[in-house]
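Heads up, the next two complexes both have subunit A, just with different partners, subunit B and then subunit C.
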Partner chain A sequence: MFNAKAKAEILKDLIDVTSPLVNEVKFNVSEKGINLRAVDPAHVAMVDLTIEKDAFDEFKADEMELGVDMDKFAGIMRLASSGDSISLTYDDKANRLVIQIGNLVRKMALIDTAGMPDPKMPTLELPGKVVVKASELIQGVRASEAISDHLAISMNKDNFELFAEGDTDTVNLSLSKDMLEGLTSNGDCKSLFSIDYLSNMIKPVKSSEPLTIHLGNDNPTRVEFAIANKKGHVTYLLAPRIESE
Partner chain B sequence: MPQNAVFKNITTTNSSPSTSLCALCRGTKLLCGKSRCPVLVRYHSQNKLKPFLAAKMVHGASPPSVFVGRVGYPKVSIGPLVPPRMGNTSLYDAPEQWLDRSLDEIVDFRSSLIRGKHTVNVYDVEKSDKTIEFTRELGLSENCVFTEALFNKRPTGRLRFYDDIQPHGPSAPLKKMNITNPKYNQRIEKAYYDTDLKSAEAVFSLYKNNIEISKIQKAFSVGAFGIGKYRRFVPTRWSITAVDSQIGKQLMDYTKQLPWINTFRVYYHNQYDNRWIILMMPSEFQYELIEAWYPNTTWNQYGNTISMYNSYEFNEGRTTYADIGGCYYAGRLAVNETLQKDKRQAATVILREAHPGYIMPIGVWNVRESVRRTLKQPYQNFDTLQQSLVYIGQKLDIPMKRWIQNSALLKHRMFQTRLDDFTG
Partner chain C sequence: MTQKKNVVEIIQYPSASEAKSFIEKHHLKKPEKTILQIIGSCTVDYRGRAKSVLDWGERFIIIKPDGNLMVHQPVLREPINWQPAGSTTEFRVDDELFIVYSRHRKPSEKMIISFKEIFSIVICELKDTAQLKIVGMESDVVNHIIKDPSCVEDGLRIHKQEKQVDSGMIDLFAYDKSHTPVIIEVKRSLATISNVHQLRMYVNDMRHESESANVRGILCAPRIPDMIKNLLLDYNLEWKKVEHEIVLPDDKQKTLTDF
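Let's turn to the complex of A and B:
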């Protein structure tokens, strides 16, 4: 059994985080809320997303899996305007998700979850941790996008830095400890990342929200932020690029 | 002209347009750097046609072939392409069979195709108008069709070259045309009469039934496919890419579900002084086309350095039109054909090195057919990307480092780690 009601924004958050990475997702539904974990086809990024039951206006569910075609779901959610209350019900006879937007009832066939993987979250020792306002990072990534396809994120015990270099131009964003909401780092950390992935990752983040970045040396980064009015949580893992020359 | 002025001109060849050199060279010295003189190639084929351009009419066996212009869209010029020749001319419009011909031969028979122009609105596919009807019938036919075209004035214009469509000869506004004995291709005819069949489905099912791409594209351009009310004329150049892209897309959806190849494969083939390398890497499906144009080749006439362009897509596909244009989609179609035959998927990079012997643009078909042919060659197997790149380095003149810098897929493969690398 699955029966939930939520504001359109909550579901749109979920789509924005997930759909740039994967087309088909397995929602793990339980009485606590919804969780999903997905890896992109190139195995470069992983997203783990949880939306607590409290984020919904109504939520009743048994433990179950729903296989969702994200493109289709996103298309349906485009019918809703912000503020609309959306109701989701699982129809177990037809294996469909019944989505109600206002007076509109849309029944969406679900995908068989049998073949869908359960990706494992790698355990990583990442010595650096910084809490930064999302708007700063968004600005830095946007500026870098114009000149390169990758950028370097680095930190030491007093400073957090983002650096990108093109053929002729450079971008540098440097934030000292007092400009950040938090910084802990044992020594220097530096890793390179693909800007394509980073910009997809930060797209759904609200610019006023804080973002937590865990960093190592040539190691994946773990980025965490809240969604769904702080009643949801996203952990995003991104594998690094290695130095080209 | 004083003699030192002549020398001065010669020493500045690199920065000045090559046309100014033609007067100095007159086809003898090949100052433009090409291996043959394009002016003479054109001239010779024009000369053969001259006697036929005196009259305001032409009659002959159309291969069959039609042309839909794009200038002025949605008011465009449609009409037949007719050579002043009888007999079997089917080769003239069958790019699938052209690779074994020299550039001169292709230019030769293409330039004899005289184009009749009749201005219509693209939505008027069903209008009762003889020229529209006959043009459509040519588009649907599979035999050479005897065609008579009466013009308002004498056909003029040089041989026309385009980046993506096959060249054709002089043109003139049509006064009247007539055709005898068109024989429709049965499967195309069936799709034409089915006004509930979406054009994407029609195109793909014809392709699956082994109808040549050039035939599908021809019928597509005369508005023969699709749901009745959406039918329209499609400019020839758009129709070529529409068909390539649509078939490629549908093949690709299936390719992406197949198992990966196990080793790195490298194919090599040289066609019209274009060196083609196709590298397949064991990975989920990705695709990239990189073109390198030497100075004095078709699309790098005036530069003095090699210019390189690429377009690519990762596994999720692309939503915007490729910068490279129609070639990208033609290559993607050919790559997917081979992967599907092998029942495998792979990340594929096509490296095209266009050397100065490639003197004129001949159309997108060249990419489609050259890639097809390259993929028919025996391939070299390698265990690592490094080994493959060493081999490719022996086949191409441009250093591998420069190819890698210009390649999104190679950079991704070499410099982007995967999460699996860290799970230990």
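Let's turn to the complex of A and C:
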């Protein structure tokens, strides 16, 4: 059994986080809420997303897996305006998700979850950790987007920095410890990342929310932030690019 | 990056005769190497497989070294009119008008573009041998199998790509190691019920055609749900999970599996 009711924004958050990476997702539903984990086909980025039961206005569920075509789901959710209350019910006879938006009932066929991967999250020792206001990172990534396809994120015990270099232009965002909500770093950390992936990652982030970035040297970054009115959590892993010779 | 010099020649607002001598100087000496763009106000008359007349308008003409000619209006992706590869182009001045006359034999097609005003002519020599690389297409999976038929089955020999039968086009036609004909249907993503029926029809067609009762059908896709597998079993068909290669943006991008 799965029966839930939520504001459209909650479901749109889920779609915004997931759909840039994958077309098909397995929702792991339990009495605690919804969890999903997805890796993009090139294995460059992974997202682990949890929306707690409390984020929903109503939530009743047994443990089950729902295979969702994200393009289709996103298309359906575009029919909803923000503030709309959306009801989701699983129809186990037809293996469909019944989505009710106002007076509209849309039944969406689900995908067979057999054979859908359960990606493992790699264990990473990342010595640097910074808590930064999302708006700062969003601004930095937006600025870098215009001049390059990759940027460097670095930190030491006093400072967090984002740097991008194009053919003629550069972007630099430097935040000292007192401008940050938190910074711990054993020594210097620096890794390069693709801006395409970063900009997809920050799209669903609310600009006032804090964002936690874990960083190493030429290692993946782990970025964590809250969604669904802080009743949801996203962990995003992004593999680095290798420093050019 | 160092910019190579003298690759582009530009003239703005030439008269008809200035346009003609500019094109003679920079394009007609080596039309097989230079791309010519003319922007201006013109009419286009076409006689060939059909007849068409395009009244005065401001548009963009591109003539490529292979003879392709395209007339582009300010909007739309496709040209409003064009001449195929192998066309030859002449340039004339008639009264105050500058005339571009493009001709193609077999089928015979003529196009006359008359400019009353030219805003700009750009002539450039471009080097580009790169080919578009698209991933995630069905053909990626097909090519993957052609390159390495053993990913479907040991001893498989691909005989033909795209073989026509009554009910459609077979993706790959092969023989297995005991010389039994094998029909391979390829999907780039999730296999569906209609793929099963498609394969079933191909196999039936092939059995009639070759009068051999023994024809195998294999559905190849990156993901095949259990329901589809059961359906395939019902029809005595087979399946094989075949993934297409995922290409990273470039070799500097690492993947999470590296860690």
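Note that in this section the second predicted complex is superposed on the first by the 245 of 245 C-alpha atoms of A that agree within 3 Å, B and C clash if a C-alpha of one lies under 4 Å from a C-alpha of the other, contacts with A are read in each partner's own complex, and residues count from 1 in each chain.
Throughout what follows, a residue touches a chain if its C-beta (ideal position, glycine included) is under 8 Å from a C-beta of that chain, and two chains touch if they have at least 3 such contacts.
As the structure is a prediction and not an experimental result, all values here were calculated from the model.
In the model built by aligning both structures on subunit A, subunit B clashes with subunit C. With both structures placed on the common chain, the touch criterion links A:E24 to subunit C but leaves subunit B unconnected. Of the two partner chains placed by the overlay, subunit B and subunit C both lie in contact with A:P41. In the superposition on chain A, A:P122 contacts both subunit B and subunit C.
Contacts of A:D188 after superposition: neither subunit B nor subunit C is touched. Judged by the touch definition given at the top, the superposed model places A:E63 against neither subunit B nor subunit C. Of the two partner chains placed by superposition, only subunit C is touched by A:A114; subunit B is not. Among the candidate segments 146-154, 182-190 or 416-424, the part of subunit B whose C-alpha atoms clash with subunit C in the superposed model is 416-424. In the superposition on chain A, the residues of subunit A touched by subunit B in one structure and by subunit C in the other are 23, 39, 41-46, 122, 124, 194, 219-220, 237, 239-242, 244.
Looking at the complex, you find that subunit C touches subunit A at residues 1, 136, 189-190, 223-227, 246-249, 252-259. The part of subunit B that touches subunit A in the complex is made up of residues 283-284, 314-316, 408, 411-412, 414-424.
Residues 23-24, 39, 41-46, 111-112, 114-116, 122, 124, 167, 194, 196, 219-220, 237, 239-242, 244 of subunit A are the ones touching subunit C in the complex. Across the complex, subunit A meets subunit B through its residues 23, 39-46, 120, 122, 124, 149-150, 194, 219-220, 237, 239-244.
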